[in-house]
Amino acid sequence: MTSIEADIVLPKARAAGRAWVRRPREPITIAPWIYLAPALVLLMVWTYIPLVEAFRLSFYQWNMLPTSVPKYIGLKNYERLIALPEMRNALWNTLYYTLGLFPMSVVIPLFVAIWTQDLTGRARKIYRALIFVPMIVAPVVAAILWRWLLNEDQGIVTRGLDWLGLERIGFLTDPRYALATLTWITGWKLIGFSTLLFSAANSGINSAYIEAARIDGATRWGIIRDIRLPLLSPTILLLSMMTILFGAQWSFAYINVLTDGGPLKSTTNIFYLLWQYGFETMSAGWSSAAGMIAFAGFAVLAACCMWLTKRLAVYDN
Amino acid sequence: MLRRHSLKLMAAFTASLLVPFGASAEMAATVDKPVTITFYNYNLASASAGADATKELIAGFEKKFPNVKVEPIAVPSNEIMSRVQADIVAGRQPDVAQLVFRDLIYIASDLGGNALEDMVKPAELKEQLAGMIPRGLELGKVDGKTYGLAYTFSTPILYYNADLFRQAGLNPDEPPKTWADVAAAGKAIKEKTGKNGFFPGAYGPTDGTFVYQSIVMSNRGKVRDGNKLTFADTNAADAVKMLHDMVASGAHAKIDPASASDTFGSGNMGMFLYTSALLSSMKKSAAGKFELRLAAMPAFGDKPTAPTNSGSALFIFSKDPLKQRASYELLKYLTSREAYTIITSKIGYLPLRLDIVDDPNYLGGWLKENPMFRANLEQLNRLTANLAFPGANYRQVEKMMMDSVREAVFGKGDPAAALKSAQDQAQDLMP
Amino acid sequence: MTTDIDAPTTNPGGMFLQPLLGRLAVHGVMILLSVLSIFPIYWMFVTSFRPANEIFSTALWPSAPTFENYIFVLTRVPMLQMLANTVIVAAMTAGLQVVTGMLAAYALVRWRMRLSGVVHGLIALSWLVPFQVTMIPNYVLASQLGLLDTLAGLIIPNASHAFAVLLLYHAMRSFPNEILEAARIDGAGSSKILWQIVVPNMGAPIASLSIIAFISAWNEYFWPLLLSRKPENSVVQIGLQMFMTQEGNLWGPLMAAACLASLPILIVYLVLQRHVIESFMKSGIR
């Protein structure tokens, strides 16, 4: 239930060389478990036990009521889900959400961070403060705001289109645009945060490298390509991983508040689907099965991402 | 594993409770001891006139029955059913709940709602139901037994913008009576004023199926017949095709279903078919901007219309005899003449008792000031029960149906084909 | 990682060589991005002061600003109580996440156990469990524990989070070894080392973690929506929800409520803005 949302960033994995107080073959002790207990107990009680329960329920047909008996049906829930066109549609949409977020969570922020590195003083501070603001706006508030702005008849964006002599766009009603609109709203909250991280990483690059390259006659683009981008790679990979693993989940609140998965199912993603099964149609089995598919899928993706990060990231040691 | 265990235990426990009480324990004759009952209510979860009216009603009840304390549980309407269910799962038996009609059958068959006939002695029940319109009582019945008592409900009504009618060269004193009139008027408004012509509140996330079912049943269609789905059969499909054709001609707007009422309220739409419960907020947003008028829902040629009910009914879930009595007294109070007067005049829903309409002690005075409301009252004569779906997968079936309706109306393909394929798919999920 | 963020990263002298046009373009892009970020919030603010019949107006400032929406919000919904509740919930959640995260991270860094890999993996993996799956079972549990309609029910399930553990774990691993060795030789116990040596030197990561945890607890919507039974025991996001009625949205009050729900946190951010950004840069979240 926690959604440390877009705010989240994994610290980059560092080489283990600097770890401290690692005394091999320390006698077995319960001390570490006492320290670990609060976090582990909470995670067990509120995350893993429900997860195991969901795993079990995914083999049953049940509406959760004490008056009805869960019926064991084996893998039927999974078979049915996979056969359902809705599920395939939701999986494709999940992919679109994820890919659609990349420009806003990685590409534009990276570009902006490098391009604005020479800005100084007040202007830079003000820009940074402003583009970070969407980050702290609640998703529900963001959803309400954008519905207000994008309303097809009286929204300010529609008025703007009219003023420019363009045709009106059904941002939330036209199946061709709705998914892109929700992706944009999700990305709107991310741009500032990503930019901040890239700027921080960029300004952390040792300027001696840049100077040396400049003396060697490297062009501006050459410096970016050969020094900045490689040294920014841990941040790039980190933000890419966050986008892949959590992008679709971040858009959940907007789907819930703005479109309910429509129009014509064009904005449903996997998380919304399992929410609908669980809460609107009350099929615990379907919902759990969809949940397990999502969890397993993202766990595999996470493993792939970690592996890639280890192979591709360049650290300044 | 702890939880799995406790769930099983709980299931066994509750089941053992249900059987004896449901079958034999009799509702107490009076509330002779202090008792607290829960009342799940969605009006209280919004900052609307409905919340004030509900608070007023609860206060009135507690004053009349000092032994009963009502613990209101405010849940937004789209969450309230899951909450009642979750609380039953969690072992907290709800007492009284305001729930929508789409869940009617499920409440009776799975959720353990009490049928009034099983709980209340026949003579006492007869006395309570006397004076309520029979068509209204039908709304909450499953297999001949009354599970829900219509509480805040309404029927679709045509709001129209008289100013836009004039601008489009139409006569606002002669509002559209048939769908052919709506198509012509909508097209004229779209072409002459550039504003939206017509839109029904039939596709949105919160409006359920009542406007859609009203349209279908007005064309003598039905969404299901027993356990057989029929929403793709000729009459029902023709009704949807009519909407599809209006979209094609431009008479029917293509806007966000969730903000259709905003579009009408801001003066950007000619005609809007939706619940009369919106009347007071519509009047507010139209004030000083355009002339708002009301008409009965349009008909298919000379076939009589079949307005179905939106809104909610009251259900009793209590298992304890004393709480059952307290819950039943609350139910009686909330469907009394006094209560319907408040519900109609302050929220805008329909009264289930027609004898209060012209009585100056009740609604008489209010109705004189709000003659527009008559069009809505008049529809009560043709009130037709909204059909809920049966079986464990009823919500999925309903969702598949509404998805296919949206696709049929707004999509490019053949409307009948879209409905047919959804009907075939959904039929598998019917009992 | 203590780079001064405001120092330009290249030689400032180089800037004179850049064509003026290029700098204008940079400012242009940044202004565009800033406007995109801030305009929706400005619009919310302005709309909250519009009278009911002007609500759909596109004027940049209402012709007759009014407080009627705020008065409506404050009289209809116990908004101040909800704000107070939200402050408590967000602060407690952030505080507990720091404490549980700190303890767990310390255990993972300080001791080498055979199971540390498994524990580390379990903690990280918990992040990927979709909350939609755990909500109903957690509701049942919260109900059995008597946590329904209480602030504790909003806090406890979120009192530990994978992100907190992982962030502090990585920050702690880069802590200089020598200081700790010295403390050990002096005979300091593990708890003394943690609270007296490690924690005081972890200011930046603790600050950024607290900020992130506070913001996300403040913005939490779905769990409070499920748990709340009375408005006065709930949080501001649920207060917002009360203006989205079945009969359509009350836009004016909704915008006023959204302002009330966002302003405290916006003001805190603007006041602490410099520190927030600096702590992010120093905390090694990069």
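In this document, chain identifiers A, B and C correspond to the written order of the chains, with residue numbering beginning at 1 in each.
Please note the rule applied: a contact is a pair of C-beta atoms (placed from the backbone, for glycine too) under 8 Å apart; a residue touches a chain by one contact, two chains touch by 3 or more.
This structure is a prediction, so every number in the text was calculated from the model and none was measured.
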| item | value |
| --- | --- |
| Longest centre-to-centre distance from chain A, chain (CA-based) | B |
| Interface with more contacting C-beta pairs, comparing A-C to B-C | A-C |
| Distance between chain centroids, defined by C-alpha means - chain B, chain C (Å) | 39 |
| Whole-Å gap between the CA centroids of chain A and chain C | 16 |
| In chain B, residues with contacts to at least two other chains | 3, 79, 89, 91, 259, 262, 266 |
| Touching two or more other chains - residues of chain A | 49-50, 53, 64, 154, 279 |
| Residues of chain C engaged with two or more neighbouring chains | 56, 136-137, 141, 241, 244, 249, 251 |
| Chain C residues within the chain B interface of the complex | 52-53, 55-56, 72-73, 76-77, 136-137, 139-141, 143-144, 148, 225-226, 228-231, 241-251, 253 |
| Touching residues on chain B, where the partner in the complex is chain C | 3, 6-7, 42, 45-48, 50-51, 72-77, 79, 83, 86-87, 89-92, 206, 259, 261-262, 265-266, 275, 277-278, 281, 284-285, 287-289 |
| Contact set on chain A toward chain B in their complex | 49-50, 52-53, 56, 61, 63-69, 147, 151-154, 170, 172-174, 258, 260, 262-265, 276, 279-283 |
| Chain A partner contacts - residues on chain C that touch it in the complex | 1, 3, 5-12, 14-15, 18, 26-27, 29-31, 33-34, 36-38, 40-41, 43-44, 47, 56, 58, 99-101, 103-104, 106-113, 119, 122-123, 125-126, 128-138, 141, 156-163, 165-167, 169-171, 173-177, 180-181, 184, 190, 212-213, 215-216, 218-223, 237, 240-241, 244, 249, 251, 254-255, 258, 261-262, 265-266, 269-270, 273-274, 277, 280-281, 284-286 |
| Residues of chain A that touch chain C when the two form their complex | 1-5, 7-14, 18-24, 26, 29, 31-40, 42-43, 45-51, 53-54, 64, 112, 115-121, 123-142, 144-146, 148-149, 154, 156, 159, 188, 191-192, 195-197, 199-205, 207, 210-211, 234-235, 238, 245, 249, 252-253, 256, 271, 274-275, 278-279, 284, 287-288, 291-292, 294-295, 298-299, 302 |
